[in-house]
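As written, the chains take the letters A, B, C and D, and residue 1 is the first residue of each chain.
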Amino acid sequence: MRKNLWMFRAVVDKVPFRFKNPELKTVLSTDFADYTDLNPVNLCNRAKRVDKNTLEMRLSLKREEPTVKTEASASLLISCPDQQGIVCAVTDFLMRHNGNIIDLEQHTDTEEAAFFMRVEWELDGFALPRDQISEKFRLIADRHQMKYELHFSDYRPRMAIFVSKFSHCIRDMLSRWHSGEWSAEIPLIISNHPDMEPLAKMYGIDFKLIKITKDNKVEQEAQTLKLLREYNIDLIVLARYMQILSDDFCANFPNRIINIHHSFLPAFVGAKPYHSAHQRGVKIVGATSHYVTPDLDEGPIIEQEVMRVSHKDSVESLIRKGRDLEKMVLSRAVWAHLQNKVLVYKNRTVIFN
Amino acid sequence: MRKNLWMFRAVVDKVPFRFKNPELKTVLSTDFADYTDLNPVNLCNRAKRVDKNTLEMRLSLKREEPTVKTEASASLLISCPDQQGIVCAVTDFLMRHNGNIIDLEQHTDTEEAAFFMRVEWELDGFALPRDQISEKFRLIADRHQMKYELHFSDYRPRMAIFVSKFSHCIRDMLSRWHSGEWSAEIPLIISNHPDMEPLAKMYGIDFKLIKITKDNKVEQEAQTLKLLREYNIDLIVLARYMQILSDDFCANFPNRIINIHHSFLPAFVGAKPYHSAHQRGVKIVGATSHYVTPDLDEGPIIEQEVMRVSHKDSVESLIRKGRDLEKMVLSRAVWAHLQNKVLVYKNRTVIFN
Amino acid sequence: MRKNLWMFRAVVDKVPFRFKNPELKTVLSTDFADYTDLNPVNLCNRAKRVDKNTLEMRLSLKREEPTVKTEASASLLISCPDQQGIVCAVTDFLMRHNGNIIDLEQHTDTEEAAFFMRVEWELDGFALPRDQISEKFRLIADRHQMKYELHFSDYRPRMAIFVSKFSHCIRDMLSRWHSGEWSAEIPLIISNHPDMEPLAKMYGIDFKLIKITKDNKVEQEAQTLKLLREYNIDLIVLARYMQILSDDFCANFPNRIINIHHSFLPAFVGAKPYHSAHQRGVKIVGATSHYVTPDLDEGPIIEQEVMRVSHKDSVESLIRKGRDLEKMVLSRAVWAHLQNKVLVYKNRTVIFN
Amino acid sequence: MRKNLWMFRAVVDKVPFRFKNPELKTVLSTDFADYTDLNPVNLCNRAKRVDKNTLEMRLSLKREEPTVKTEASASLLISCPDQQGIVCAVTDFLMRHNGNIIDLEQHTDTEEAAFFMRVEWELDGFALPRDQISEKFRLIADRHQMKYELHFSDYRPRMAIFVSKFSHCIRDMLSRWHSGEWSAEIPLIISNHPDMEPLAKMYGIDFKLIKITKDNKVEQEAQTLKLLREYNIDLIVLARYMQILSDDFCANFPNRIINIHHSFLPAFVGAKPYHSAHQRGVKIVGATSHYVTPDLDEGPIIEQEVMRVSHKDSVESLIRKGRDLEKMVLSRAVWAHLQNKVLVYKNRTVIFN
């Protein structure tokens, strides 16, 4: 690819483009870097053929780089039975390897006698190489019956968005990703309707149409899983995806499928919550983002938000106003997950920070 | 009682009190009016015995006068099938009698083809005497199939508070009433427990203990109704009253019994909503004030409010924080009712302003 | 242009496209309709050259139609000195011409002795043609010293967005417009930086770069005004536009320039409000949308919203979270304006509904 | 006073009271303990004279016991320059003395390179006696240049309330204290007006009237300080107290005077904020609780809350609605302080939990 890129650059330098923007070359080279099978001649022809319009459009799609902290950090999410000395054991482990703690938060659920902790430390100066941390920490973990996850702040999770026909959530997500707000990759959009394909194309993201009916559900989910593996997906976000995932499917992504439900759960589970809210005459409506479990609308809640409504709000008005809630709540939940600040315990979440 | 009071007044006029505040007499006379078995001599002795401390304490309980607008106004709450010319007909009626409109708000529910309106106008200068307004307006009302209520801003509704053991709502209500925030009378507190009697006494309000069990419910509710009639009660407020009212009882006070439920209805109906909220792991909890109907927790919602919680909140913490929600939501609902700004339609409320 | 379009259609009918989507032709014809100087041959060549990718990308940009009410309505925004009979006079006027009132709201500012009213009625069945309404209503208006505005619900205001480098507000606005949430046109984006040009192109909106410095402000604003007239702009939205408009410029669009300020005004006027908020240690931050007047950050407030923050929020965190506030508050203010529900009086707004 | 109390107890034991409640004696003895000039004979006469009514009224004022956790805990509030190993050092200290950590929260302000921590642990089983903890911890503290505070959960801080004429905040505080919500003592109320004396009496709290004018400020503050020392006051709460405290006075209670300001600071500092808010036409109003420093309305903010208002709200309406904000915000700030969860740093607060 590097060689290819080099060739391409040589080529485009010679092509008499009619526009001056120097960024275009960079864009083009990135763009063409994928065409690993192209020889210089093809490249040259291709470059010539690309007209101003196309180039500018590609340019427009160039994503802004996420603003990442200069220094990478590691974090541990820990849960275990409550007992003396856990914080001490963990901080001692980090200190012995010269780790500088940036953030530490712990929570004890006295009712459940359960202990939860998140600790984040600078990798710069840490005595252990990344690939040995987990192994070394296991000794402490085993002693305290800990379950733990280890994350690195500079890893960009790969996200797939599942969507049906409503566009507000996916538009908001793509804007956040595209403007560099989210440090994540979105290589794949899957839908049971073709409506969002143009939007996916606008952002240069692969779009797969997988129509699911009662009859083909098993095969289609199998195909979906295959795609998710091919694209190395870490996290699935259901951005108003109007299909129920099977238990088997869910089992493949425990606590890694985030859904947005357009009501203040557990009020108004199921379909048409705004209609039900209007019917009941509530004065406040909400939206809920949760991890997907086999029990519909019953998974661990990550985030909720509400807004005041009145008798003046028709169902249509609730739907319109609710869109803003939905996209905000979903994006907050995704953000918390991307920051590795969510820990699930007994169908509830501990959200650190 | 009246005779007794008269005697008492005769007595106190003769007693050489050492303090000058003229209001003291009024306070004292109210205080002693209850002692129906006292003869003049006893009364006199009693009055002498009452020391400065006692008097000042009673005086301290003197309620501040509600801050009422100098000018009284009338208001109409109207609902009818939607049709042309309603606003025009009503405003024309008021104009013909020289009424100056202070406030007018209308709402059309297009789905139900229903029309709702509240109009308030100054009584000063209005050509019709109070007792003829309804009669004259009926002509217009009938023409448009209107249901309507007529209210006067200077009437102080008489409120009975039903309470069990939790004191936060009733304390807040009594503070609002006592400091003159609410233009209403609270002559009666009814409870199934004796716990709140001292509080009632502090504020000089009659307290009636009516223990309700499964076996005595019918008689006890009959006795309660008798009391409510004796005290001329307009509005019942259930300030965390832990008894379910029978359908028959409710039927006596349609849209005139206000309850506070300690959850964001319709989530967590029934008992122990904070426990359920904690169990479900919600990120927001709420409180709901509604009119009581025979269907438990299903009556028309008047007001709701919520607050953010987290995994750090134990059930006890939810209960503690929730108290503030409950008292605020209940007092807002009572305020809206006292302002005659609530209109009930098909188990929903239209809240004007 | 029409002729050009016709020619183009003739051409594309003959071009052997490899894809079937019939909408493409429409898209293309719109696209090419601008090229007024193209002759048929050029058009044909151009059409041939456009490859599948480009076309699909253009297609993707096709805007969804705003969901408009089937029936058009008219509305009047009225302000005048408070006096008897205004509501009656207005509703009588509508009734005499057979107008069916959909919505009526009035407000009396007793302190200022000022009266405000918004009334909306169905145009279907209304006896007056649109162009005679204002003229006929003037008779009533003059009698009561009314100022009034007349609006029709099916008119789509033409909006220009002014933007600098921050993209979150304009992205959100374009999403709302593009998904048909807003019944408005956005034909023009003006910026003092080139950064947003690609985004404008993505959505097929004209982008004009007008760099304003202290030295060229007068000429550049003149040029801007010329552009705004050419594009028939009704409303200017400053989507985090980092230039101060001159008094003269503002005078051209009274109550028709909407700004978003990233603080809870009047706290933290001027630059870097999040830095100031952090420095002051506030527990809540906000955003404010207001009409622009010559006094910086002092114009009539249309909408505000806040969110809770804590000592854990760095300035960067406030900026990140604040983006969501800013885009939501700005879009709510624009929505209220587009609905013709904002009335300005003495540097304050009356927001109907 | 002690002697007097003893005498009184001797007396009341002999008086043939007609009621049985044993608590009455305690109430009475407290009540009469103040009458330091009474001789036994006077006391006896006095006790006889007190009638049933008075006694029950005093009884009614008996405060409910705060619901305290069965187990006492200790907590440390720590701030120091950021450096490696602090958490480890602190938790290691606790572990070595067998301390079971209930709660630990830390915060690093990277900008200021400052470290903040709160740790709470069970006293039951802790190897160090209470009075040695601070001394032993000092060794660790000094090594890391820590400032720290040590608190015990079962200590009830002694609070003085300063009040002027508005009663809503003090009523709410007294309700919380009286119902056992707050684990604190309120032995003293100080005011520059006599209005709240009856309320103080209702709750059996000493009331001192100290009228402050420009001329007598120095002496009166000296007298106030003397009273505060006599009553062993830990915390002063200004419950809408309309006097400005001198710098010298403030210096005596650093971070131990809590004020409530009726605006969303820093907007609308100084007098009449609701008038200013109305004038400015804001859509949201707020209240702010902060520690008092010599700079008026500029002290470290502890808590803020807001509520939505509209053009319909007159100044009176803002004042009425604002009362609820003020009392809620003030009580939350007091709660956080009582829980020892507030740490002040550079005029900002770190609020743990």
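Some points to look at:
The rule is short, and it goes like this: a residue touches a chain if its C-beta (ideal position, glycine included) is under 8 Å from a C-beta of that chain, and two chains touch if they have at least 3 such contacts.
These figures come from a predicted structure and were not determined experimentally.
For chain pairs C-D and B-C, the one joined by more C-beta pairs in contact is C-D. Greatest centre-to-centre distance from chain D is found for C, with centres as Cα means.
Averaged C-alpha coordinates put the centre of chain A at 32 Å from the centre of chain C.
One inter-chain figure worth recording: chain B and chain C are separated by 46 Å, centre to centre, where each centre is the mean of the chain's CA atoms.
For this pair, chain C with chain D, the centres built from the Cα atoms lie 51 Å apart.
Chain contacts: chain D has residues 110, 312 touching two or more partner chains. Touching chain C in their complex are the following residues of chain A: 49, 51, 53-54, 56-57, 59-62, 64, 167-168, 171-172, 175, 178-179, 181, 197-199, 201-202, 312, 320, 323-324, 328, 331, 353. For chain A in complex with chain D, the residues that touch the partner chain are 84-85, 87-88, 91-92, 94-95, 98-106, 108, 110, 308. Of all residues in chain B, those touching chain A in their complex are 107, 109-111, 116, 264-268, 280-284, 286, 300-306, 310-312, 314-315, 347-351.
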